[in-house]
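Please find the structures below.
You will see chain A twice below: alongside chain B first, and alongside chain C after that.
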Partner chain A sequence: MKRHTTSLAAFICFVVASALCAGNAYAVDFGLTLSNDSELSGGGGGLSLSQVDDAALWLSLPIGASSSIYASAVYEFSGDFTYLPSYSDSVRWYSITAGRVEWEGFVGLSDSMGLGWSVGRIPLQDYSGRVLNGLLDGATVRLSVGQAVVSAAAAYTGLTFKDDAPILIDADDESAWSDDDAIFAPRRLLASVGLRLVEVVPFHDLGLDGWAQFDLDTAGEAVTNTQYAEPFIEGRVARAIRWRLWGAAEFGQDPGLFYGMAAGARVRLTAPELAGLRVTASCVWAGGDYDGDGAMRAFKPITAGSLSSVAGTMFTDALGASLDASVVPARGLTLGAGCAANFRPNVDGEPAYLGFELTGRADYKPAGDVTLTVEGGCFAPNGAADPEASVEWLAAASATLRL
Partner chain B sequence: MMKRCILTAAMLVAVASAAMAATLNATVVEIAGKVEYQLPGKGWKPAKVGDSLPKGTIVSTGFKSTVLLKVGPSTVTVKPITRLSLEEILQSESGTQTQLFLMAGRVKAEVTPQAGSPVEFQVKSPTATASVRGTGFEFDGTNLLVEHGAVQLRAPHGMTRYVRNGEFSYVATNGSVTSPAAVSPEGGLERVDELIDQADSDSRVDVQLGGAIDVTTPTATVIITIQ
Partner chain C sequence: MKRVCASLVLASFCVFGAFSQSNDFVDGLIESDSVSVGQAAYLVLVASDNLGDDADAERAFEMLGNFGWAPEGASADTPIRLKDYSYLLMSAFGLRGGLMYALFPGPRYAYRQLVSSFVIQGRSDPDMAVSGPAAVRMLGRVFDVKGIAE
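Take a look at the complex of A and B:
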């Protein structure tokens, strides 16, 4: 941790010194963001409280005419307190780490061509956000040529906290995930290429995302490399309706060859004149190892994610359907409610329906620098699918102040 | 003899063209707050309702000040802290052509099509040009809010998207034009942060990363051309 903190301090000093040397001190923008997230959850007689407090110091400054640097350092306190069935706690009094640290820029190469880049600890995700979604150390470049955007990215996961990049691809990853001594995510090298064609079909974009992860932990039980091809289409039908459809094919080697499939769709109805009404219906599916044999296996994304907010159903070998609605009854206030149902394949004759979830959410921004959020929900499992499962619930509140 | 005929013909064409393409003036219709203008080669003077502003005039508005100009068949609301130059206002047989140069600030344009007389309306800026026909829109050089009609929003390096009535789009720092979001035009670009939030939430993936990512502030330039 000390080494990490020292590196961070050195980096921030470097950024400030660079700004001063570049004569851009007058343009430096900086601030402090304070946030608190508290979460009370229960289920099956259990009751626990989770709390995370962050203080993020950030700085932003232009570098030349076509690029800028954004750097942030985050202090975090986190605590997990289990009250029932017996009290225990797990408190991390402090962690200091780099938040988003990014050098980004864009230059025009000609009247119809531009090159953008982003380097540092940057947000990376695939088109759907279901294959990869994390703040990782790496770089991206984007070449815009008319209506086409070609992109490429590379990243490394080994310096990211494992909570921030939940990689659960093979047995080694699962061991590391459950090992309290393991702080960082499994070491993987990520690479990506992508193509997006903007409105080549009227009001619609087409594209293809390609991602690959290479397992650098060669000392473990398994070395698992996977690649993903993800075609997508998204667009507008009239003013009010937006839709998107994507699919993902996973190819892997461990060292045997295997593959998996996933897909998703979303339709959104937007009616700004009706108190900002927005209704979203979505469905995502991640394939499973249906016959227990052969090359097809359960789809494993690079970073794991859950199907819904309360239930712990992971996005692998499962299907989720959801309907959400939100309105803006007053300026700065957004109210939302949603429901979701989770399913799994019933290849063994077991019930496919896993349960139903209801959620509610209120966001309030009394001022541009203050955000308050209250949300809650419950998941009612299908007793026939899991007789031991009980109703799970969650209530959360968060507050963010930007200074 | 031949030279004389050609010269005569050229003069006739020039005279006819001049007669057909008459230069119009803009007229000050409404004023709120402090508004000044500078006629070509002259000093600044306060604007009054009814003032006629010829080609080359520079209009300047102060804090909380606006001025409504009638420019040919169109109207332009010059928003606070804006400096605008009237480059060209022509009426010809082929229609009305208007060119404005937005040095700084924001304008709201209402371009009214006329039967049998096309209207070409352009707002240029140091980094962008807005050119519309039969459209109402608000534009600040990066963010575009279309109230009615349709506009083609073009980034400096080629990417274009159609933005239709009741939609908002902007050019992101990476040079791309964001997918237009359906929004309420009420409030205009005064609430640009909310509009950007809405546009971003429309294009955002369903799986959220948490609070570590900040929405980037757009700084790129745009060109808007006629649909």
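Take a look at the complex of A and C:
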């Protein structure tokens, strides 16, 4: 049994106390969100269950007319139970940590200028969500001037549970990830600047995101700093069709210089008049180590992510193409299905095709405070690429109640 | 600002197109920074056909008490809070709430319901006062929500 608490609970108390001292106690809204996630998975003679239950106590209060504070603390039970080939379990009876803790606001500086900010444990992500995506301790500011939006952010990862911020950039990160005694994510300082030009081309936005991570763990075997430049364009070409295209160049020092590449594209058709039909086709690619001992390496995002939901293919040295569709046949009910193919482009002549995945999903929201979801899927691997791989499947159910 | 005014006028047409209320009342309401319980009661009860438009705010407040929807300890002149106005709208129009509203009908979960159904938009808290334009806009959105539900 592991017992985890973080000093961020104290930070929440500080935020709450500050807000109360500011005389806003009368305006506090608060609540409790309960959720359950159960995931049964199997493949290759294995069968396992992953169970996560959490309770998030939250409060929200305005600070003046232009900002507000949201704070939440999360209790979580989690367990992984393996039934086949032999029984074993790994149970974390409780962890208590800060959920989203945020002071956010926006002030208009003039008719065409506005300043927004967000400070605390806040959701941070790059444009595509493929370089960085997580709830991290930091701050962002956004200055909008006419059609331009300039943003900057800074964050620290060392107070976040490693499961919540999977950082797998170098060998130290890999060993920390597999070390059961390591609770928190590797200590990294993150910084970003961004620019978005809104509709400089009719119906299209252009932009550039820049992110950097600095390795603060100088005691390890490697000190790896990386920077990412991510240009993007998005817009619509007809009333029902939206598209986006992005690329990311990674530059790193460990202390030798290296680089990596990634890119993605998405086209989405939306037809509200056809039972809320939404069809999305997307393709993402993360480059590999194509030049042997050269400077190019497999693309490593700041926070690791997977290419698809059943297969465990990570977003590094991989290519994925997917097609998803969803409809809303009845009020509160959304049905969706998707398929995806994963590849590993390489220069070694090995089979690039890794496998094919099918998924299905149903979301039902019978009331504003209740959400039920069931989903399932299977992944059929390419036996030529991995002779030992077998069909993997997954069935999951989740429920959320907001008190 | 133009967009706000246009929205207000549109909402007013939506709301006042569905029923007729005295021009004096409407003028006073639109200029009000803080709607009273009596004004809110008149606005909502007339709009929901629970009260004739020849009544006044005092009579509307009395009706509110009869229905059991009056905020606890409030008088007709007390500024209404957003959660109480939400409960009044939910009750008068018979809107279906969430699970918690079904179990514990009251201002707290009425406010939550109207936030989740986008009747309440922007920065808000359940204890804030309700301005006249905001009250009218919310009423207009309730007509939209009710139309979708039906």
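By our rule, the second predicted complex is superposed on the first by the 383 of 403 C-alpha atoms of A that agree within 3 Å, B and C clash if a C-alpha of one lies under 4 Å from a C-alpha of the other, contacts with A are read in each partner's own complex, and residues count from 1 in each chain.
Basically, a residue touches a chain if its C-beta (ideal position, glycine included) is under 8 Å from a C-beta of that chain, and two chains touch if they have at least 3 such contacts.
Values in this document were obtained by computation on a predicted structure and should not be read as measured data.
Steric overlap between chain B and chain C is present once the structures are superposed on chain A. Of the two partner chains placed around the shared chain by superposition, chain C is the only one that A:369 touches, whereas chain B remains out of contact. By the touch criterion defined above, A:199 reaches chain B but does not reach chain C. In the superposition on chain A, contact of A:61 is made with chain C only, not with chain B.
More residues of chain A lie in touch with B than with the remaining chain of the pair chain B and chain C. Of the two partner chains placed by the overlay, neither chain B nor chain C lies in contact with A:39. Within the superposed three-chain model, A:27 lies in touch with chain C and out of touch with chain B [touch as defined at top].
In the superposition on chain A, A:273 contacts chain B only, with no contact to chain C.
Counting contacts as defined above, chain A residues 68, 368 meet chain B in one complex and chain C in the other. Across the complex, chain B meets chain A through its residues 155-162, 164-167, 173-177, 179-184, 193, 202, 205-207, 209-214, 216, 220. Of all residues in chain C, those touching chain A in their complex are 96-102, 109, 111-113, 116-117, 123-128. Within the complex, the chain A residues that touch chain C are 26-29, 31, 60-62, 65-66, 68, 366-370, 401-403.
Interface residues of chain A, counted against chain B in their complex, comprise 35, 54, 58, 68, 70, 74, 99-100, 104, 106, 108-114, 116, 118, 123, 125, 127-130, 133-135, 142, 144-147, 149, 164, 198-199, 202-203, 205, 234, 236, 239-240, 242, 264, 266, 268, 270-273, 276, 282, 284, 305, 368, 400.
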